[in-house]
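In the two complexes that follow, chain A is the common piece, with chain B as its partner first and chain C second.
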Partner chain A sequence: MPRRIADDVRLILREHGRLAVDVGSLADDSNLYEAGLTSHASVSVMLALEEQFGIEFPERMLRRGAFASIGAIRHGLEELIGADA
Partner chain B sequence: MTPLAVARGPLEAARRIAEAVAGPTADAVDRDARFPRETIDALREARLLGALVPRELGGLGATVRELAACCEAIGRACASSAMIYAMHQIEVACLVRHAATSPFFREYLSALADGEWLLASATSEAGVAGDLRRSICAVERHGDRIRVVKRAPVISYGEEADGMLLTARRAPDAAAADQVLVLARREDVRLSGSGEWDTLGMRGTRSLGFSVEVDASADQVLPAPFEAIASETMLPVSHILWTSLWLGIASDAVSRARTYVRAEARRTPGVVPISALRLAETVAELGTMTATVHAGLADFEEHQNDPEALSSLGFTIRMNNLKTSAARMAPEIVARSLGVCGLSGYRCDSPYALGRHLRDAHSASLMINNDRVLSSNAAMLLVHKEE
Partner chain C sequence: MESSAPLSRQRASKRRARPIPVRVGVDVASVAEIAAALSRFGDHYISRVFTKHEAAYCRQAAEPVAAARFAVRFAAKEAALKALQPESGGIDWRDIEVRSGRSGRCSLLLHRQAASVAARRGVEHLALSMSHDGGVAAAVVVAVCGQPLKRRERRRASPHR
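Our next item is the complex of A and B:
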């Protein structure tokens, strides 16, 4: 399951993140902002993730740290999906 | 002699300078579009430029609340001076809040407080369409030296500053949004200015375009990434200090309108002048603006030591709302005050003159255009939920 989430996150980042580097070259803990994620693009990424996983990020997750790396995003998603189940 | 801000506190010092220096020179500064040297020198002498620097580094350890009150007080007298003071303090706030762990910057802040240096901001850049969060220029490292070449379409009071903070990409191969903030002292910079500053208002800020060449020590790159500095300090402190000085412009306009109506009333005792009705309305508007600005300040104070809260979408949206609302209200309140004073406010040679206030207040929705701020909120609101 965790593997699958990370793959989806990478696909969404590739499509909506407008990163300056190839998503494939990023480690799970690479800093996405350093990879060129802008605040505008991060909104697109959040929207796409909400649609893909059928969840809504609560207010407490809508902060910079929660979207700083693929690992951080996966962690947040696992928490939300776990909470739904 | 003990400096005024040490003896009387920052706000009282700012009030006195506003009354004795900024007010009397404001019309000349505006007319000639010149740097308000007398006022900045007076602020320097009073030790108000280094006010935000912590006491242990030789400053006054002033709070953002105190600075906001100073900006409002100076803004009542001379908006250009208040804007220069605000922009300088925004830069100092970035250093105090994000660089004070570095030995170089501790020493620099202490020297800044001692020399009462004036800092400018070189965040704008040709080719990024006004986006603070993207840079084209980059920091090139050569051993322990760095080099940055930037084309800045606007650096307010750039010619007068003792130093400036500029944004640049972290390295030549870094993404446009992967930015750092670099301190360039006067001796590190080669500036070539271009153009003139002949504007409708805020004429004393002398916001010329420059080509900037920096050759500095690698220590002069702030340790924190710019995106953290921007959301945790630059954005909220800018919006708080700017809206405070806009409040000063609006307050002074209303104060002129009140004086005008009282004089009218004294001429016709027993009759409430027709202008009093419009004044009542304007005073209510000013009350709303005051509450808006104070609420923004309280919001920042509540979260100022919580980086996660400051970087949240909710907080960013609220700070943006503070900026756009106050920017909309300021010229509206001045225009209403003009309506109250009538021809006396329209004349440039009357004690009720409001032309300068009106022109200065119109800058509010243009500096970081309200539409840009609103569209940024529009995007964030797509994912933001009510708290």
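Our next item is the complex of A and C:
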């Protein structure tokens, strides 16, 4: 369910995102780059998400906007694995 | 000196001197962060971000040099993305490849979507400089561009202008 996906995203961001703020303080639409997400940390987040969900982000999603917020990441995951996963 | 020339002549000179259009991108990466990703994700990380040529070159060295080699290449890819400024859509990191020459000089080779974006931007040449020290890897990419396509097309349409 979308709620669980968002929870997993937050857990992975906490472990791999190297954010300057606590993930719990971020809203779904908070800008992760403004919260300290670097380009390389976004790669680590992507790899952890791929492992967690058994997916591979396609080329069209390899852009800054796809990892700009928890909501954007969740949206991409829902598209890749199906909203009812 | 140009600064002592009359203002009208300076303006005329500026109109004649067409600057070479360049785009610049710069990026830094933490070698420790790249080493951590190598340790945590291993081949998944390498095969997702680096080409076979890059991976083979970086793996020729023992740690910590190998991590530094991967780090400067990651910085080069990000610097190239900043220089190219893709309009929309994504670019696979593997489409921006750092080629290591026998002399030790490195250059950029673009593939697929990255090459298409460069062509649309009128990029004629890419210059790359990379360095690492103190745990930080850095790269600068300068893209030298030709005339924008629209202007070129306009000139062809009006050859006497």
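Throughout what follows, the second predicted complex is superposed on the first by the 82 of 85 C-alpha atoms of A that agree within 3 Å, B and C clash if a C-alpha of one lies under 4 Å from a C-alpha of the other, contacts with A are read in each partner's own complex, and residues count from 1 in each chain.
Operating definition for what follows: a residue touches a chain if its C-beta (ideal position, glycine included) is under 8 Å from a C-beta of that chain, and two chains touch if they have at least 3 such contacts.
Keep in mind that what you see is a predicted model, and the values were worked out from it rather than measured.
When the shared chain is aligned, chain B and chain C each come close enough to touch A:L62. Once the two complexes are overlaid on the shared chain, A:L19 sits against chain B while remaining clear of chain C. Applying the stated contact rule after C-alpha superposition, one finds that A:E51 touches chain C and leaves chain B untouched.
Shared-chain residue A:E34: touches chain B; no touch with chain C. When the two structures are aligned on the shared chain, A:V43 is found in touch with chain B and with chain C. On chain A, the patch touched by chain B and the patch touched by chain C overlap at residues 38-40, 43, 46-47, 50, 58-59, 62-63. Looking at the complex, you find that chain A touches chain B at residues 19-21, 33-40, 43, 46-47, 50, 56-59, 62-65. Residue ranges on chain C touching chain A, taken from their complex, read 27, 29-30, 33-34, 36-37, 40-41, 44-45, 48-49, 74, 78, 86, 88-93, 113.
Listed in rising order, the residues of chain B touching chain A in the complex are 133-134, 170, 174-178, 225, 227-228, 231, 308-309, 311-314, 376, 379-380, 382-387. Considering their complex, residues 18, 38-41, 43-44, 46-48, 50-51, 58-63, 66 of chain A touch chain C.
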